[in-house]
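Quick one: the structure is below, and I'll ask about it shortly.
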Amino acid sequence: MQLPIFAYSGPKHWVLFVLAALMLALLPIFFNDPFFILVMQSLGYLFIATLGLDILVGWTGQISLGHAGLFAIGAYTSALASTRLGFPFWVSAPFGVVIAGLFGSALAIPSLRARGPYLAMVTIAFGFMVEVTSNRWSFTGGPMGIMSIPAPTLPDGNEMTPIQYFWLIAGVALLCQLFAANMFRARLGRTLLALQGSEIAAQSLGINVYRYKVLAFVISSVYAGIGGVFFAHQNGFINSDTFVFSLSVSFLTSALMGGSGTLFGPLVGSVILNLIPTVFAGLQEYQLYIYGGIILVTIVFLPKGIVGSLRQIPLFHAWRRPHATIASDPSVLDFPSSTVNEEPLLAVHGLAKNFGGVRALSGVDMTITRGSVHGLIGPNGSGKSTFINVVTGVFRPSAGKITLFGNKELRPLGPHHIAAYGIIRTFQNVRLFGELSVIDNVMVGFHLQLKCGFFAHLLQTPAAVVEEVTFRRKALALLEFLSIAERANEQAKNLSYGQQRRVEIARALAVRPQLLMLDEPAAGLNPTELHHLARIISDIKAAGVTLLVIEHHMELIMGISDVISVFDFGQKIAEGSSVAVRQNDKVIEAYLGVAESHGAAVDA
Amino acid sequence: MNSLLVKLWQALVSGLSIGSIYALIAEGYYITFITTGTLNFGQGEFLMVGALFGLTCYVSFGLPYAVAVFAAVLLTGAMGFGLERVAIRPVMRHALSLSWVLSTVAVSIILKNAAVQLWGPEQVKFPSPFGESVVMIGSAGIFPQELFIIIAALGTVFAVQLLLRRSLFGKALIAVAFNRNAAAVVGINVRRVVVFAFVLSSALAGLGGILIAPITFAWAYMGTTPGIKAFAAAIFGGLDNPIGILIGGLVIGVLEQLFGVVNSNLKEGITFFFILIVLAIRPTGLMGGREITKV
Amino acid sequence: MLSLTGLQSMLSIEGLKVSYGHVEALKGIDLEVRQGNITAIIGSNGAGKTSTLMAISRLAPITAGDIRFEGQSITRCRPHDITRLGITQILEGRQLFADQTVEDNLLLGGYTHLPRHRSRVAALMEREMARFPILRERRAQLAGTLSGGEQQMLAISRGLMSEPRLILMDEPSMGLAPLIVKEIVSTIRALRDEGATIVLVEQMAAVALRLADYAYVLENGRVKLSGTGRDLARTPEVRRAYLGG
C-alpha cells in the first residue's frame, strides 16, 4: 500500500530557514537604532531559553518553575570565567553552557519521581536556591553582582559591535530552533511526547523513562545556559536581581502562551510576552495589569496557546499537507521464529501479589508454551490484569518465580527491561499516545530497534533519514495488517475505541514480541470487529508470536484458545482445553455466581 | 554561652510564630488541593492584601484591631470567591494540568500591581496592638504579637480541622476531596463546596497577613516569599496530610530562625535546601499519600 | 404512560448519546424503566452500561437525547439535584468514603435530608443497620477497612439513606465471593418486593437475568436486544456471548 506520509523534512523547511536567516541579517541594518538592537538581542536569548523550557514542559510534560536558575548558572559561569579567569568569550561561553547542562542533569534526579505540585516545588526550590546563593556568596559578587563582563572579541582584536552581537545571537537562535525541529520530528520528540502521553505504555515498549527525562532536563538546561551566557555578555553586568522567581514564571508563561509542545509556540510566546514592556512602555503604571491580564486571558481562552489553537483551524491543516508517499514494507511481519515449538516460553511458580491487605494473586502456577494461544478468563477482580502487570514488571511480585524460555529466571526488573526480552502487552483501557498520529504511535513501538542515536537525528544525517523512512514503511505495513492504515496520519485520540485497540496491537507488534499479552482486546468491539479480531489473533499466531489473551467474551476466547486458564479471587481454579473448562464445575460457579444456577446453565 | 542560648530561645519563639503563619497558609493550600487538585499560586498576595487592608482599617480608619482582622478576612475571603470564578473554574476543564498554576499567578501579578498603586511600593510599619515593648521571659525578649500569632494562627488551624472532621459541611468537603462522584451521588453540591474551599483558603491567607504584619513590614512585595515557603511547608508533610502541614510550617519556621542565628546568609536558602532533601527521599512528602493508578 | 406489563413508566431514555472527548460511549439508546421492576442492563466491558447510569446521574456528559424521570426531563439537572429528585446510584466499585467511618458514610448518604431533618436521618440509619446488622457492629470503623461484601452492603445502605424512588446499581457483584453475591441478590430482590424500582447493571449476565423483570443487552454503545430476563437467558446469542454457551 502507498500512502502520503508527512516526511522527515523537506525543501520547504530549508527555504524557511534561509528566509529567516536573511531577514535577521538585514533587520538591524534597516533599523539601526541602538535601543531596538538591544531589544532584539534580548528577544533572541529569551527565546532560546523559552525553547529549552518547552522541551521540558511541552514535549516531556514536566513542569518547571526554576528555569531562571539554569539561566542564571549559564550567565554566572561565563561571567566568572571571563572576569576572574580571564577566559575569552569563546571559551567561557561554552563552559557556561556545559555547567548549566550539568546542573540540569542534577536537577533531573529529584524530578524523576516527583510529580505535579511536588515537582513544581523541586524546581521552585532550585530556582530560589540559585538566586539566594548568588545573592549572598562573595564568589558570585554578592548583591553587587559581577561587573566588567567583556563582550566577545573578533579575530582582529576588536570587540563585537551590538549589531554583530545580535547576528551572533540570532544565528545561534536559528540553529537552536533548527535542532529543536530536527529532534521534534524524529525519535526524540516522539519518545518524549509518548512519555507524556503514558509513561507506563512507553515503558511497556522498552523505553527507559528515567533516561529520557534526564535527557530532556539536560537539553533544556543547555538551552537555558546558552540564553544566560548571551544575557551576561550583553550588558557587561549581572546580579541576582534578574534571576528571581518571576523570571521563571515569565519563561513558563511564554512557553504556554505560545503553545506548549509545538514547534513555533516558544517563538511566538516569548516574542509577544517580552515585547509587552517595550510596547506598553508609556503605560508604566498599567504594565503589570496588562501583563497579568494577557496571561489570564490566554490561559483561559486559548488553553493550547496561540500556535496550538491555530493548529485546530482547518486552513492550517491545508498548509501542512504531507508531501511524500511511501510504500509499506511487509517484511516487518517476519517475526523471529523459534527453533522449538511447544517449549515453555513463560512460566510462573507460586506467583503472589499483595496490595496492602488485599491478595490480588496467590500461589499461581502457570506455563505458557511457545506457539500457543493461551486464554485467561475470570470474573472482574480475579487477578488477570495483576498477573500481566506482575509479569511485565509494573508491580513486583510478593512471592514466587517467573521463568523465561525454560531456564532464565526473571529478576524483578523495570518494565522496559522486560520489554527488551520480547514480552509485550496491551492495556485494558487502551493506552495510546493520543497526541501522536497513528503511525507515530507504531513508530514508538520500534524504539528498541532504531539504531541512529541522538546526534544523528540532531544533525539529520542521511543514515537517520533513511532509518526513519525504512521504519515508517514497516509501520505502515503493520497498520495494513490491522486494517487501519487509512487513518495513519490522524491523531490517535480521534479514533474510535475499536480502532484505537487495533493501533495498540500494531504498536505492540512493532516491538517484535515473542510473547504478546492482550488485555481484554474485545472490549467495546462490535460483531464485525470481533470477527476481525479473531482472525488477527490467528494471523499473529501464524506469524510465530505466542499469545496470552485475557477476555470476557466467551465465544471469542473459546474459539481461539489452545488452552484456557481460569482465575478467581487471585487463584487459578481450572486449566485445560476450552471444552474441558466449559464443563468445569468451579468455573461455572465462578461465572454464574451461585450453586443453584447449575440447573440454569444446563438449559438447552 | 548564655547569650547564645538566649538567642536560640528567641529564635525558637520567632520561628514558631512565623511557622504558625506558614502553617495557616499551608492549611489553605491543603483545603483547595484536596478538593480540586489545584491551589492558589498567588496565595502570598492574598496574605499581602490582608496585611495592607488590615493596616488601612487599623491605622487609617482607626478601627479596633479585632475589627480590622475581621474586615481583612472578609475581604480576602470574598476575593477567594472571585479567584475561583475567574482563575480556577474556567481552566478546570482544560486537559493541560498547568493552566491553574499560571492563571493564579496571573491574578497575583494583577493584585501586586494594584497594591503598589493603592499603597505605594514602600515598606510600612504596622504598629502592634499589643505594643512594641518586649516582654521578658527569663532572659529572652519576645514580642507579645509573636505569642498572639502562635495562639491565633495555630488556634485557627485546629479550628478548621475540627470543622472539617466534625461538622456536616466539613465532612461533605472531605467527601468531595475523596471522591467527587460519590459525593455528588449522595446529594452534595460539589460546586458549592469547591467555592467554599477557595473562600476559606483565601481568608486564611488574609488572616495570616494581618497577623504577621506587625512583626515584619507591610508592603506590596511582602507576599511572594511567604507564599512559596508555605507551599514548601504544605509539601513537606504531603499535600494531603493535615498533620504534616502543621508540622511542616512549624519546622520550616523554626529551622529558618535557628539557622539565622548561626549565619544570616544561611537563613534564606535553608528552607529550599531542606525541602529538596525531603523530596529526594520521599517524592510525595514525608507523610504524603500513596499514588496508585490502575493499570 | 402505561405499558404492556401494566406498570407505569418511571424513567424513559430516548436517543441518548454520551461522549467522553472524542470517544462515543453511547450512540443513541432507548430504554424504559417501569415502576416496581428490576430492569437489568448487561453487556461486555466497554459496551456503555456504566455510561448509561452515569448519564442518568448526570455524572457523564450527554451529547444528545432525553432522559425523563416521572415525566420530567432531567438532562439539564445538576448531579446533586438528581439525588434530591429521588434517584440514587450505588456506584461501580462501591466508592465509599473510605477514610470516614461507617456511620459518617451513612450520615452523608442522608445529606439531602440534612441539616433540617436530623431525627429522620437518625431513624433511617437505624433502619439500615437493622437491614445489615454488620453495619451496626462496625459503625465506628473506617469504611475502607471493611470486607468487600460489607462495603457493598454499606454502599447500598448509603444509597438508601436518601429514600430514593429509583435505585441505580452498578455491578454490585463485582469482586465478591459467590456466597456474598447470593446475599446481595436476595437483598436486591427484597428491595424490589418492598416496592423499589431498580436499574441493575451487571457484568455477570446470569445473575442479572435471573433477577431482572426486564433486561437490555448493550453492545458497542447501542441496545442490541431487550426482553424479559427469562426470555433473554434463553436467547442463543446471549447464551453464547455471556453465559458460556
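As written, the chains take the letters A, B and C, and residue 1 is the first residue of each chain.
The rule is short, and it goes like this: contacts are C-beta pairs under 8 Å (C-beta built on N, C-alpha and C of every residue); 3 or more make two chains touch, one makes a residue touch a chain.
The structure displayed is predicted, hence computed values, not measured ones.
Student: Between chain B and chain C, how many steps is the shortest route if every step has to go to a touching chain?
Tutor: Contact-graph shortest path, chain B to chain C, evaluates to 1.
Student: Which two chains have the most contacts between them?
Tutor: A-B
Student: Please identify the chain with the largest separation between its CA centroid and the CA centroid of chain A.
Tutor: Looking at centroid distances, C is the chain farthest away.
Student: Counting only Cα atoms for the centres, state how far chain B is from chain C in Å.
Tutor: 43
Student: Averaging over Cα atoms per chain, report the distance between chain A and chain B in Å.
Tutor: 36
Student: At what distance in angstrom does the C-alpha mean of chain C lie from that of chain A?
Tutor: Here the centre of chain C sits 40 Å away from the centre of chain A.
Student: Of all the residues in chain A, which ones touch at least 2 other chains?
Tutor: Answer for chain A, listing residues that touch two or more other chains: there are none.
Student: So in the complex, which bits of chain B are touching chain C?
Tutor: On the chain B side, the touching residues are 168, 171-172, 174-175, 178-179, 181-191.
Student: Touching chain B in the complex: which residues of chain C?
Tutor: So the residues of chain C touching chain B come out as 57-59, 78-80, 83-84, 88-89, 91, 95-100, 104, 107-109, 111-112, 114-115, 158-159, 161-162.
Student: Under the touch definition given earlier, write down the residues of chain A that touch chain C in their complex.
Tutor: 379-381, 428, 493-498, 520, 522-527, 552-555, 558, 569, 582, 587-595, 597, 600-601, 603
Student: Okay, in this complex, where on chain A does chain B touch?
Tutor: Within the complex, chain A contacts chain B at residues 57, 63, 65, 109-110, 113-118, 120-122, 124-126, 128-129, 132-133, 135-137, 200, 245, 249, 252-253, 256, 260, 285-289, 291-293, 295-296, 299-300, 303-304, 385, 389, 394, 427.
Student: Where on chain C is chain A touching in the complex?
Tutor: 21-24, 44-47, 171, 173-175, 177-178, 181-182, 185, 203-204, 206-207, 210, 219-220, 233-234, 240-245
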